[in-house]
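The letters A, B, C and D name the chains in turn, as written, and every chain counts its residues from 1.
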Amino acid sequence: MGEPLLTTQKLSNHFGKVCTALDLDLSFERGVLTSIIGPNGAGKSTLINLLTGHLPVQAGKIRFQGRDITRLPIHKRVRMGICRSFQIVNVFPELTVAQNVMIPVLARAGRSWRPIRSLSRETALMQETEAILEKVALLPERDTPATALSHGDLRLLEVGVALAAAPTLLFLDEPTAGMNPVERVRLLDNIRQIAREGRTTFVVVEHDMDVVFSLSERIIVLHRGEILCDGTPGQVRADAKVREVYLGDDVSDLFRYREE
Amino acid sequence: MGKRGMNRRDFLKLTGAGSLVAAAGGLGGALASPRWVWGATPSVKGPVKIGYQAILSGTLAGYGEFHKMGAVMAIEEINAKGGIAGVKVEMEFRDSTTKPDEAIKNARYFVDSWGADFLAGIDSSGQALALAPVMPQLDRVLMVTHGATEKLTEEFVFKKGVRQIFRNCMPTYNDGHGAAFLAKDFPAVKWATVSPKYEYGFTCWKMFQDSLKGLKPSAEFVAESFAPFGTTDFRSHINTIMDAKPDGLYSTEWAGELITFVKQGKEAGLFDKVKYVMFPVGAAMDVLEGLGKDMPDNIWVSARYFFQYPNSKENNDWVARFRKRWNHYPAYVSETGYSAIYAFKAAVEKAGSKDTKDVIAALEGMEQNCPAGKRVFRKEDHQAMYDVPWGQTKSDPNYPFKVMKEMKVIPAKEYFNRPPFEGPGTTPPFK
Amino acid sequence: MQSYVHVILAGLSSGMFIWLVASGLTLIFGVLGVLNFAHGSFYMLGAYCSFTVLKYLGAGYWAGLLLGPLAVCAAGFVVERFFLRHVYRIALPYQLLLTFAFVLIFDNLVKIVWGGGALSPPSLSFLGGSVPILGRNFPVYNLFIIAVGPAVALLLWALLEKTWYGRIIRAASSDREMAASLGVRVPALFTGVFVFGTWLGALGGGLSVPYVGLLTPGMGETIIIEAFIVAVIGGLGSLKGAFVGALVIGVLSAFGTRFFPAFDMALTFILMGGVLLWRPQGLFGATR
Amino acid sequence: MKAQTRNAVAAAVVLLALCAVPFLSGKFAIYLTMRIMLLGIFAVGYNLLLGQTGLLSFGHGAFYAAGAYGLGLFGVHVSTHPLLGVAAGVAAAVLLALLVGTLCVRHTEIYFAMLTLACGMMAFSFFWNAREITGGDDGLIGIVRAPVSLFGGIRMPIGKDEQFYFFVLFFFALSVWVAHRIRHSPFGLALAGIRENARRSEFAGVPVRRYRLAVFVLSGAFAGLAGSLEALLESNARPFMAHWTHSAEPILVSLLGGLSSLAGPLVGSAIFVAMREIIQRFTENWMLGFGVVLLVIIMGFRGGVVGTLSALFRKATAPGEG
């Protein structure tokens, strides 16, 4: 598929003495739905935080579509097309569902600076917002404040807000955590659907192995800040080191949601 | 209508009906005062209303209470004897705080809402100067009883012609020039100051320096340390002064800050090292009573009135009456507040009218016998000329605080700035 | 040399004096998360109550210092139990506003009870007077303040680090729910801490009676700003920080007044601004 | 839509009532109304920062003062044209806000508050000590209300309070309108997003610090406008305009009225000015009275007066919805 979307060179990160990323060389190809798994503390969240700008990079380099973005602030990465959702719901609580989605839509369209023009005049962007709400099945709730949503709907909104930035590369941090099975199926269908449309490449951090293996085209297994294995679901399932880590460490981890 | 009873609440009229009538009535009242018939109708209509404002909150709240004692006492006396020109006197007293905008609001309330005929009070110079431009609009006589800035009378009354403003308290002249007239006779040559870090402190120190240089060219000024408003710790300032080893210390600190300064200076041995110390407002009652025995002896102090001066029957009687009424010695603002009310009485009765123009005319050049002695309201700048004493502090078994010994009085005309207030020969020493 | 030593001594005593007021403020913020504007009022009330005991009840200064602040604790109790407790969960500005309302009320009450005029205490017999240091007199009482500051710091440290109560307080301040689930009566604990903080502020007020030598109805408002600055420079909620911050502010202000008088009104604010720009969380503040 | 119409009608009624004030009430009421409008301009701008963006500044008095001194110095040295003076005042406030904001917007919450407090007090100290320029604590005096001349020919005098009232009313209405538009604009939504969740706003592609700076400067401009108008009203500018106690006023009135609506700070301003006036007519102990009223409002009206009343109103009009 030509040049990879995003590559890292010797990306490293330490919290005190704890190493959460060690000389990671990774690349993400356009259109390949990738999952990142690993036991607790493997460095999954750290990796996303580094790639999206949430954490400053201590060592190494990140390139996106050929451009060095190692030191770029978050909002500029978002403008370039890197976005994420959060493991803990992280939306705009007092705003309505539509407003939640509208914020990234406006920012991407470069309209957020307009101080006098009424929001209600931005009809094209309104439609775009509604289209996104439609995708995450929240259109009926468009005027509900986020605080009033059920947990499952909040997770959908979380993904919706991330999608609204129209990212080229979207990191989803445990998107289905705490969802009931019906909601989970619905969300996964949506992700597959959008992935198929081809505009957005997904990278998903997950604990639920059913999700991971049913969804992914590629799986990266992290362990103590290093890449343990990187390949297709089949390759990962067969990998001896992966089995050893999961069995040796904590088997249940493979099937347990993180509680945080 | 709306201008009468003090229970009217103007702002309620924002939405109220009938306000039109009230406004028309008020406007009519202001415009239709028949100036040409005052000679024919000597009696004054309605009560004479005086709006008085002074500090009643915060660290200087005591000053407002002293103002009030004097003013209330004057009104009680006047009303007991039939009022001003046969009509009762009413006063409303408001907290001016220290903020200029508050003073303006109060003055506007007094005149525009309560219907005051006269305004009095004002402690801070900033408030006095902020009120000055508003006075022509309000068009009532304002008697300033504490704010001391000379700019008020020199700039606004004399140069800009704001004739509504009068002042019956001592301006900065005594604190600056007056002190210098005394200091010239001391052997001290090297002078230093700890003074307030605002215009009052700067101005007085400059006046003191200029006058003393003129009177005694050998004088030197070796150190100055200005303390911001609200200073509670003067120790660094005291160090500055002691490092300079002056012979004389001049300080226009006043009220609570002077008390603190004296106590802390005493602890540091400042008054043992510096022989000549002058506090132009050190004879204020709050300071003398507050310090009590802690006030060192032989400090040169003055004030805008001191209850032992003049030693006249009128003053002594007044002090006795005041003590009987309030169980307090009168502070200088009590005297100026008291005399301000009597000045209004004298002017109204002289003019036969309470119209601002007539009262101004009556007040200009008016002589008034007050507890403080004779006041003359100078025609050009509306500043009352009167004498205040200087003296050295000493203990006296009759008083629980230090009083003055060997009072010295420099006549006001020798050290008051003179019109036109610029150019040579307008500031002391005069040849 | 004489000058420098005396400037440093003046700075140390004023620094320790501010610390005494800032300690209660910091403790209350650290545990309850409330910025208590009314702390200056407790300082004022402490001064007035101590003065009353000393002057009108005929007891000595030390009795005043003991009894006065204890009386103020009642005011602290009322403020916390009946008002502040109900606003812990609402936004910070509302807490500030609530405590500001108490500043107005207490200032005015003091004026009603004690009169608007400045009160000035008689000079002390014990610990009064001065001692010569390098040929210049320095008040004994200021040396006493310089000693009391670290003593209070030590007391607080021992209380928080070495006692069972201290552990409970620290646990409750880092996680209210957790402490509650362990059976700690958090509301009662908070009331206790608030009252103790009040006592510290009032103690500062009681100590101010000879130190400042003047009581006025607005006396709490200047000191509370200085205490805030000290607490912020040190890192809000950090007692160690407040102690160091007070020393820094005290000594640098003394030097500023002596050697750079042009800036002395802004000096503390410049220092605070500088520290915050350099270390947003203050000298010893935890990163949030 | 219905609510929109209702608000528009309410605004029109208030505007008409304000226009009627000079014709129907006494001079003091006119004056107080002007003071309410000045505080209203200050607070409605400030609330874009506090209520809309969630930033607590303790230094906006500095911009108010910059507006007043800007107009005053411009009037004394350049031109007494009131509109140019107001423009100069606002420009001075904007410049100062830009400077202060650049330093402060990195920080949030209490640290932002303390940093702005520090900057405000430095400005206060400057206005106090730069006596040659500002007149020190006496304030800058000699500010005059020259007639407004427009397009060469038209001259509107504003010397009398009844005339100046409309000058203030014009800027008041303009300010409220601008604040209203901002609240309902894309920019306003971005600000609300920053208030609700700054980190997420960055991940929505919003450059948070730049927005904070923008709204800081914007609210500084409102403060400068109010300051320059007060300088015209009272004919002076004074250092205490920059003091933190003055910076606390818009916070106070915004909280009183309610942070979450446009009307909140306006109603709060009216309550603040009127209530003090009422209390002062009954007692010299206005601080006590005011403090008690504040307590009642804080304990009883958690969302501010406007918020609580409109919640009650909604409840009363829609009993079926529970």
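Assorted remarks:
As a working rule, contacts are C-beta pairs under 8 Å (C-beta built on N, C-alpha and C of every residue); 3 or more make two chains touch, one makes a residue touch a chain.
Every value quoted in this text rests on a predicted model; they were computed, and no experiment measured them.
Under the contact definition stated at the top, the chains bordering both chain B and chain C are D. Set against the Cα centre of chain C, the chain with the most distant centre is A. The chain closest to the protein's centre is D, with centres computed as averages of CA atoms.
Between the CA-based centres of chain C and chain D the separation comes to 33 Å, rounded to the whole angstrom.
Between chain A and chain D the centroid-to-centroid distance comes to 42 Å (mean Cα coordinates, whole Å).
Centre-to-centre, using mean CA coordinates, chain A is 74 Å away from chain B. As a whole-number value, the distance joining the C-alpha centres of chain A and chain C reads 49 Å. Contact with two or more other chains is made by residues 128-129, 287 of chain D. Annotation for chain B: residues 56-57, 197 touch two or more other chains. Across the assembly, chains come into contact as A-D, B-C, B-D, C-D.
Across the complex, chain A meets chain D through its residues 52-54, 73-76, 78-79, 83-84, 86, 90-95, 99, 102-104, 106-108, 111-120, 122, 161-162, 164-165.
On the chain B side of its complex with chain D, the touching residues are 2-3, 6-7, 9-11, 13-15, 19-20, 22-23, 26, 56-57, 93-95, 99-101, 104-105, 108-109, 112-113, 125-126, 129-130, 132-134, 137, 149, 151, 197-199, 202, 229. Taken together, the chain D residues at the contact with chain B in this complex read 17, 21, 23-29, 31-33, 35, 128-129, 131, 136-139, 141-143, 161, 230, 234-236, 238, 240, 274, 277-278, 280-281, 284, 286-287. Against chain C, the residues of chain D that register as touching in their complex are 50, 56, 103, 106-107, 109-111, 114-115, 117-119, 121-122, 124-126, 128-129, 244, 248, 251-252, 255, 285, 287-288, 290-292, 294-295, 298-299, 302. Interface residues of chain C facing chain D in the complex, by the touch rule stated above, are 35, 83, 86-87, 90, 92-94, 96-98, 100-105, 107-109, 111-112, 225, 228-229, 232, 236, 262-263, 265-266, 269-270, 272-273, 276-277, 280-281.
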